[in-house]
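Look at the two complexes coming up: subunit A is in both, with subunit B in one and subunit C in the other.
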Partner chain A sequence: MAEVENPVRNVRWLDPEKKIVLLEAVGEVDLHRSSAFQKALLEPLSRRPQRMIVDLSGVSYMDSSGVASLVKLLSRVRRDNVDLRLAGLTPRVRSVFEITRLDTVFNLYPDVQEALDS
Partner chain B sequence: MEDEYKPVPDFPESPIRLSIASSPAHLPVVRATVDSVCELMGFDEAARGDIVLAVDEALANVIKHAYHGDGNRPIEITLRSVVFDGRGALEVELRDWGEQVAQALIKSRDLEDVRPGGLGVHIMDRCMDRVKYTHAPDGGTFLTMTKKF
Partner chain C sequence: MCDTDTTERRPVIRVVDLVKRFGGRAVLNGINLEVHPGETIVIMGGSGCGKSTLLRHMVASLFGDEGRVELLGQNLNDLNESGLNALRLRFGILFQSGALFNSMTVGENVALPLREHTGLDEQTIDIMVKIKLEQVGLREAADLMPSEISGGMKKRAGLARAISLDPEILFYDEPSAGLDPVTSAEIDQLIMDLSGKLGVTSVVVTHEMDSAFTIADRMAMLDMGRMLKIGPRSEFEALRDGPETGDETGDLIRQFLRGDPEGPITARRLSTGYEEDILATAGE
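Take a look at the complex of A and B:
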C-alpha cells in the first residue's frame, strides 16, 4: 500500500525558548490523510508548547475526519493548557467549521501574523 | 425572487456514472469529478463546495460503516440533471453492496457535544436539499442526494 502523504508539511518553533510552535498544513485533508494529520498535530505537544498555531491557508479541502483530528487536538490542548490558534482558513474549509458550528469553538485568525500578534 | 433555472447548453441529458473501489485513495478523484460536473452545470462556488463535501462524507460513511474499511468493494456514483420542486437540480446517487444500516440509526448528533466524529450525516443534511436512503432488495443501499440550483 502506498504511503499516505502527511498534510503537515512543516513544524517550526518560533522562539528560542520553544514555547510557540507553528504547523503548516497543505493540500486536502480527508479520510485518506486524516490519520497522518492527527498524528502530526499531536506530536509537538510532547515538547510542551504554550501556544500552537496551525496554518491552514494551504489546505484547499477538509472533511469531517480532518475536523475530527482538530477536535481531538483541541481536547488535548485544553487538558495541557496550550493556547491553540487556527489561522488562514480558506472559504471551503471555513464552511465546514460553520456547518458543524465549530467556528465558535476554535480560536480562528485570518492569518498567521494575526495569530502571532493577538 | 429565486433565479429562474436555465438548462446548461450541451450538458448531457444522460447520467454520468463513476465506478470506484471503496478505498479512501479514490476520494480525491471523485471530488474533482463532482466539482467539475457542478461547475459545468452552473452551480456557484458555495454550492459546489456543499455538494462536493456531502458526496465525500457519504462515501466516507459507505467505506466505514457499510464496508467496514474494506477497500476493495464496489461503489457506483451516478450524477443526473433533474427537476426537483419545480426547479433544476443535481441528483447524486450512491450505490453500495455493503451492510444495510437501519434508517432510524442514521441521524445527526448534538453539535453542542464537542467531540471527534459523527458529523457526516449532519453535514450531508445541511449541504443538500434532500437526502434519502433506500435499502436495495438484493443487498446494499441506494443513497440519493439532491441539490437545487
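Take a look at the complex of A and C:
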C-alpha cells in the first residue's frame, strides 16, 4: 500500500516568540488521510502556541472525517486556550462546513492575512 | 474523489436496455436512463410499475436478465463481490422503511458503516455521528432505540446513516411517504442541500408530486416496465399545466402528475376484463 500523504504540507512559526503557528494543508482530506491530518494538526500544540492558523486554501476537497478532525482539534485548543483560526476555505470546502452547521462553530477567515491581522 | 475532467462529464449512472423478469413477466422491459453528475433525477410512476425494482438494480441488489447498469463508470455485471463492495461504499441508500437495526441505538446505527468500513478512531466516529445527526435534525435522538422514535424520525435516521460515508450518489425510495408536510419538506431541503452544496448525485423515487417538482432537475416517468418519458422538470411542468392533447402518452403522464380521477390510466384499468372475470367467478 502506498504511504498516506500528509495533508499538512508546511508548519511555520511566524514570530520569534513562537506564539503564532501557521499550518498549510493541501490536497484532499478524506477518510484515507484524516488520521494523518489529525496527527499533524495536534502536533504543534505541545509547543503551546497562542494562536493557530490553518490555511485551507490549498484543500480542494474535505469530507466529514476531515471536518471531524478539525472538531477534535477545536476541542483541544479550547481546553488549552489557543485561538484557532481557519483561513482560505474554498467554496467547496466551505459548503461542507455549512451543511454540517459548523461554519458558526469555527472562526473562519477569508485568507491567512486576515487571520493574522484581525 | 480523484475525478479528472473526463470522468466528471461522464454519466454517473447508465442503465442500458435493462430487462428484468419475475416468473416470466417483464417487470422492467428495456429501460434506458442516464444520470449526470450532481443532478437530482426523480423517478415516478404508478404503484407496481417497477420503480423500486429499477432502483434495486442501480444499487446492485438485483441484476437484470438483459442489458446492464453502469455505476461510476463500472459495469455492475463485470464486478465480483469485492468489487461490488468497494463500489457500495461510494453510494448511500435510503430505503422505503428506513431499515434501521432495531437492536442498536440511532447513533450506533449511524456509526455502523464508519466502524465497519473505516479505520477511524472512536472519538472521530462519535464526532461524525453527531455531525450527521445534526444534519438531519436528530442529534437529541442519538441514544434512543428505533422502537422509541416516530416513522419520520426513522426516515431521518436512515438518511443520516446513508450519508455517513459521504457518498457520491444517494438513492432514495419514497423518502417522504408517510411523513407530515413539514418533515417531508425538511427531507426535500436535505436532498437539495446535499446535491446543491456537496454535489451529490441523487436518484429519488417518489409519489409525492409537490416534492418531485421541488427537488427534480430531471424527471422520468415509468409505466408498466417501460420508460414513458425522461426530461427536464420544465417539460413535465408544461405537460402538467397544459391542455389535453389526445396524445395517449402525454395524457397519461398528465393524469398522473395531476392526480386526476379520470383519464387514460383509469380507462386502462376499466378495460382489463373485470366483467368477464367476475362473471367467471360466479360460475357462469
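One rule holds in what follows: the second predicted complex is superposed on the first by the 118 of 118 C-alpha atoms of A that agree within 3 Å, B and C clash if a C-alpha of one lies under 4 Å from a C-alpha of the other, contacts with A are read in each partner's own complex, and residues count from 1 in each chain.
Note that a residue touches a chain if its C-beta (ideal position, glycine included) is under 8 Å from a C-beta of that chain, and two chains touch if they have at least 3 such contacts.
Just so you know, these numbers come straight off a predicted model, no measurement behind them.
Chemist: Which holds for A:R12: it touches subunit B only (first), subunit C only (second), both, or neither?
Modeler: Once the two structures are laid over each other on A, A:R12 reaches no partner at all.
Chemist: Let me test your reading of the model: by the given contact rule, A:V71 touches which partner, first (subunit B), second (subunit C), both or neither?
Modeler: After superposing on A, A:V71 lies in contact with both subunit B and subunit C.
Chemist: Which partner does A:D30 contact after superposing on A: first (subunit B), second (subunit C), both, neither?
Modeler: In the superposition, A:D30 touches subunit B and subunit C alike.
Chemist: Which partner does A:V105 reach: the first (subunit B), the second (subunit C), both, or neither?
Modeler: After superposition on chain A, A:V105 lies in contact with subunit B alone.
Chemist: Which of the two partners, first being subunit B and second being subunit C, lies in contact with A:R47: first, second, both, or neither?
Modeler: In the superposed model, A:R47 contacts neither subunit B nor subunit C.
Chemist: Hey, what residues of subunit A end up touching subunit B and subunit C alike?
Modeler: 28, 30-31, 61, 63-65, 67-69, 71-72, 92, 95-96, 99-102
Chemist: Show me the residue ranges of subunit B that touch subunit A in the complex, using the header's touch definition.
Modeler: 24-25, 27-28, 31, 45-46, 49-50, 52-53, 56-57, 60, 63-64, 111, 114-117, 119-120, 122-123, 126-127
Chemist: Where on subunit A does subunit B make contact in their complex?
Modeler: 2, 28, 30-32, 61, 63-65, 67-69, 71-72, 74-75, 91-92, 95-96, 99-102, 105
Chemist: State the interface residues of subunit C toward subunit A in the complex, per the touch definition above.
Modeler: Touch residues, subunit C against subunit A: 1-2, 118-121, 123-124, 127-128, 131-132, 134-135, 165-166, 193-194, 197-199.
Chemist: Which subunit A residues qualify as touching subunit C in the complex?
Modeler: Answer in residue numbers: 28, 30-31, 34-35, 38, 61, 63-65, 67-69, 71-72, 92, 95-96, 98-102.
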